[in-house]
Amino acid sequence: MEEGGIQGHVQQTIVSMLKIKNESIRVFLAEALCTFSMMVFGLGSVAQVVTGNGTFGEYLSINIGFALGVAMGVHIGGNVSGAHMNAAVSFTMCVFGRLRWKMLPLYVFAQFLGSFFAAGTVFLIYYEAIHHYCGGNFTVSGPKATAGIFATYPAPYLSIYTGFFDQVLGTAMLLLCLMALADQRNKPVVPRGEPVGVGLLVLLIGISLGSNSGYAINPTRDLGPRIFTLMAGWGLEVFKAGNGWWWVPVVAPLFGGVIGALIYTTFVELHHPDRGSTETLPINEPECVRLDKYKKGSTDICV
Amino acid sequence: MEEGGIQGHVQQTIVSMLKIKNESIRVFLAEALCTFSMMVFGLGSVAQVVTGNGTFGEYLSINIGFALGVAMGVHIGGNVSGAHMNAAVSFTMCVFGRLRWKMLPLYVFAQFLGSFFAAGTVFLIYYEAIHHYCGGNFTVSGPKATAGIFATYPAPYLSIYTGFFDQVLGTAMLLLCLMALADQRNKPVVPRGEPVGVGLLVLLIGISLGSNSGYAINPTRDLGPRIFTLMAGWGLEVFKAGNGWWWVPVVAPLFGGVIGALIYTTFVELHHPDRGSTETLPINEPECVRLDKYKKGSTDICV
Amino acid sequence: MEEGGIQGHVQQTIVSMLKIKNESIRVFLAEALCTFSMMVFGLGSVAQVVTGNGTFGEYLSINIGFALGVAMGVHIGGNVSGAHMNAAVSFTMCVFGRLRWKMLPLYVFAQFLGSFFAAGTVFLIYYEAIHHYCGGNFTVSGPKATAGIFATYPAPYLSIYTGFFDQVLGTAMLLLCLMALADQRNKPVVPRGEPVGVGLLVLLIGISLGSNSGYAINPTRDLGPRIFTLMAGWGLEVFKAGNGWWWVPVVAPLFGGVIGALIYTTFVELHHPDRGSTETLPINEPECVRLDKYKKGSTDICV
Amino acid sequence: MEEGGIQGHVQQTIVSMLKIKNESIRVFLAEALCTFSMMVFGLGSVAQVVTGNGTFGEYLSINIGFALGVAMGVHIGGNVSGAHMNAAVSFTMCVFGRLRWKMLPLYVFAQFLGSFFAAGTVFLIYYEAIHHYCGGNFTVSGPKATAGIFATYPAPYLSIYTGFFDQVLGTAMLLLCLMALADQRNKPVVPRGEPVGVGLLVLLIGISLGSNSGYAINPTRDLGPRIFTLMAGWGLEVFKAGNGWWWVPVVAPLFGGVIGALIYTTFVELHHPDRGSTETLPINEPECVRLDKYKKGSTDICV
């Protein structure tokens, strides 16, 4: 942009005036925007499948919607905030010393805002479709339930114990694989291939660990839209349904994320030969060497 | 080609005679051909699903058809015209100083011609299939409607206001993500990975923002084939249907594109650290450095 | 292999004895094997969908089967024979001076053999499944027809004229895009990305131009298995069906291929700025520079 | 991790204490973890489709589940153990001198353990779903059979002879293509693209060679979960079903793997021009040159 030609000087002046140099604000804006985009795509795909009654996609469409939504989110925020878009990811990064603890609230708040406003946007765009589908009666359960467009609810047969384990396992597999995708001494994704790699991972989790409770595996992805539906007409039932299910996708992913990252570390990453023997390193230098430079202060997690 | 061997000299002479050096004509030809190809693939996939009655693909096939059609279009025109294939993209590039305004009519005309002739080609190839499907009665609405193979129409429940917002949002998400995919200081696609990256984006929009009105998000993609159907037997109804829906996918994407690009710029791109600190740049030099050389005059948008 | 360690010397001796240095034989073996593999995967996916009665995949599975089959074929034969796997591709390469004419019979024969034996292999593997599906009555048309597993047949509504045009268009789009994927002065696939690029192209053609007559777009892919079915129990009907359809996918693709390659050349490739101005070339050197070295004699087409 | 900042020294001390330098243990841990992950994803996707009664995915979802599961497995174990995740792959690598024979039991045991515990994990997570689906009656055959979630069973029409050939062919195609994907003198996958390349291959085999008997093509993938189901309530029927089918996916893949690798070698790899003429090598140095260094002792198979 700043190479804009004729009106170059004026433009450059405006650009410098508007440019935000505070890193926290930059991170906040990027994290909010990538979470918003991911959620517009993800929730939009659910809305389309639910209100389309099978004509506009199927369960697999939802898996692809969230998967590519995450991929686009990584493109949008990747090099600025790391594009976590998930409080469990941010939390795990803090536990593993890859994100400063004092940045955590900023990440979580940005993610929450992004998810909340994405729910609002999808609600506006699909308001008439939802209305048409359920006859204006916004319900959380039953044959024409629509609350599941925005937040996750457990299958009728699911106990809270298995549901908790389901969310722990899903998030553990997410972080276990994220660690592998980013481990430059193992077989990581191609440089700049992170968006597609992470997207395929999310697709896979939806395909294999999604039917019990809708694979939230993400506190902010679930809570923001749930609160939105509380306000938008579905009422308190969104918090009561499923024996008070709402807290499970908020709490369980925090445990799951740390467990998954710990498993990868203790089974694989910890035992790589010392970096001194760098002649075994792949020839393509890792793109994420920034991590080494910025040390613990970095907000960049290479994924 | 010019390394052709035995008949090399003759061939080279012919090649130099036929070679067009005027950049406008080169751009026009490439933009028309890539739009034509994209639309043959895209409209072909709709024709197949509609006339196949569920036997030859489903809604997801259409999403993939347009997505990969766009990807092939980028391969075909990418380095010559930038392969916009969408007047909203060209318009936004002009607003953001990445395409000269005087090139805009040429782009729009090439895109319109490409779309129009693609509609004609798909009509010829699938004429018998369409005839077989609807019994020779070409209608715009009703159970055996076929006008939707070529242009987009809104769902029965959709108001013109929500429809307009739907087209603004879809195109905004398109340009927001296109800007991110091409932002060399963020997490762009791998070099030469633009075709697949843009294709996945179009797949995603179809999966998440397609059921309200068929995700035209492209004035030329919609208007060219609509005019073709007017002439080919569907009559004036193609302009009257949906309370005169036709102008929405022509006008709304222009707003949407600029809004989306503006959002990415103000949330992310504007605040990248100064280029002076280039040691944080990825090692793989961006393929699109041409942009810097050609400055505003360039027709190459890196995507 | 030749770095085999302990039994190294013995092994190396055997290897040199078995090594074939004649390029024609090397090309023949590679082209036959990659065509065989592509066809086992492709025909296998059709067999699975047809005999599975909807339980083991759908139309999209067949599209993916042939697409990834082609991708694997390119991996298997890519750097040896160019992995055409399609007589229309080989023929077009000859017309455009990228393959010596005297190599054409060798390519066609290898492709024919590969396709024929792949049909036989799929027949053996799925013999019991086919028998179970149709009750042992091998028919070319009717509700339990199974000849379509091996060769293509036109839809009942299709005239021979539209069918011919259908095959011309499909193959033209194939070659048009193949030329673009390999054009190093445009926006080609990433180095070594040819298998996936070509695979996505075949997927796209199946999704958009497949319902009229099953997108053979390949003389050898269609004729070899058709002759196999003649011998394996379906009888002469395989040549009589569809008003003697069998010659259309043999002849039309030859025209289509040349037309498609010609369109790309005249619309785009011919008008690239002279190679002298190589500073506009992408930084990643094209992997296919071999083409320039081997000149017309090369059997390597970069795709 | 070892660059951890403030608590750096303490952390580094702990890290060196925990670091395992014995390569066999490192390989065992990595191979077990990547097999476990692959199988959790794969079996999870089957469980979801079976218990979801068509609401949570279809046959294609299972194909994608195993495909991306394998891809993630390669990311997790790729550079440590080679991520075979399949005793037939390990066996073939031994036969071809790419893995020491004395490492084979370790690989097989790691793969068996990983598969067994993955079956247990999926059983726990989906216990309530399975119970709900079949009413608590765990059966191997019949309309509500659930044993097929964990191990493979032949179609009712399949003879043991065709079934054996089916498993030989599937594994042969697997190894044939794996050899091609890794052959640096042919058209291999892009560097670091192995996970996606191998994943697409597994997807393809599931789409084209899956309906006869569920494409185990892997002794450990099948036997571990089968033994688990024996213990978990399905009883001895899991070994009796299909005329004692269980040994076929254990034995046939060993033959198939060697045959497939042999075919690729004799048709293609053996006849590459001598390495002395390295000027025809692709410019991107192969990432897997480690193979040359470690010679026969290497456990790294580049795939």
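Labels A, B, C and D are assigned to the chains in the order they are written; within every chain, residues are numbered from 1.
FYI, a contact is a pair of C-beta atoms (placed from the backbone, for glycine too) under 8 Å apart; a residue touches a chain by one contact, two chains touch by 3 or more.
Chains and their UniProt names: A, B, C, D = Aquaporin-7.
Only a predicted model underlies this, so the values are computations on that prediction, with no experimental measurement involved.
Enquirer: Please name the chain that ends up farthest from chain D once chain centres are defined by their CA atoms averaged.
Expert: Farthest from chain D by mean C-alpha position: B.
Enquirer: Superimpose the Cα atoms of chain A on the matching ones in chain D and note the rotation angle, 0 to 180, in steps of 5 degrees.
Expert: Rounded to the nearest 5 degrees, it is 90.
Enquirer: In angstrom, rounded to a whole number, how far apart do the mean CA points of chain A and chain B lie?
Expert: Centre-to-centre distance between chain A and chain B: 28 Å.
Enquirer: For chain A versus chain C, what separation do you get between their C-alpha means, in angstrom?
Expert: 40
Enquirer: Check each residue of chain C and list the ones that touch at least two other chains.
Expert: 58, 60, 190, 193
Enquirer: Line, ring, star, complete or other: which one describes how these chains touch?
Expert: ring
Enquirer: Could you list, by residue number, the parts of chain D that touch chain A in their complex?
Expert: Going through chain D, the ones touching chain A are 1, 3-7, 11, 15, 18-21, 25-26, 29-30, 32-33, 37, 40-45, 47-48, 51-52, 55-58, 60-61, 64-65, 68-69, 71-72, 74-80, 83, 121, 124-129, 131-132, 190-196, 199, 285, 287, 290.
Enquirer: In their shared complex, at which residues does chain B touch chain A?
Expert: Residues 58-60, 63, 96-97, 155-159, 162, 165-166, 169, 173, 176-177, 180-181, 185-190, 193, 197, 200-201, 203-205, 207-212, 263-272, 275, 280, 282-284, 291-292, 295-297.
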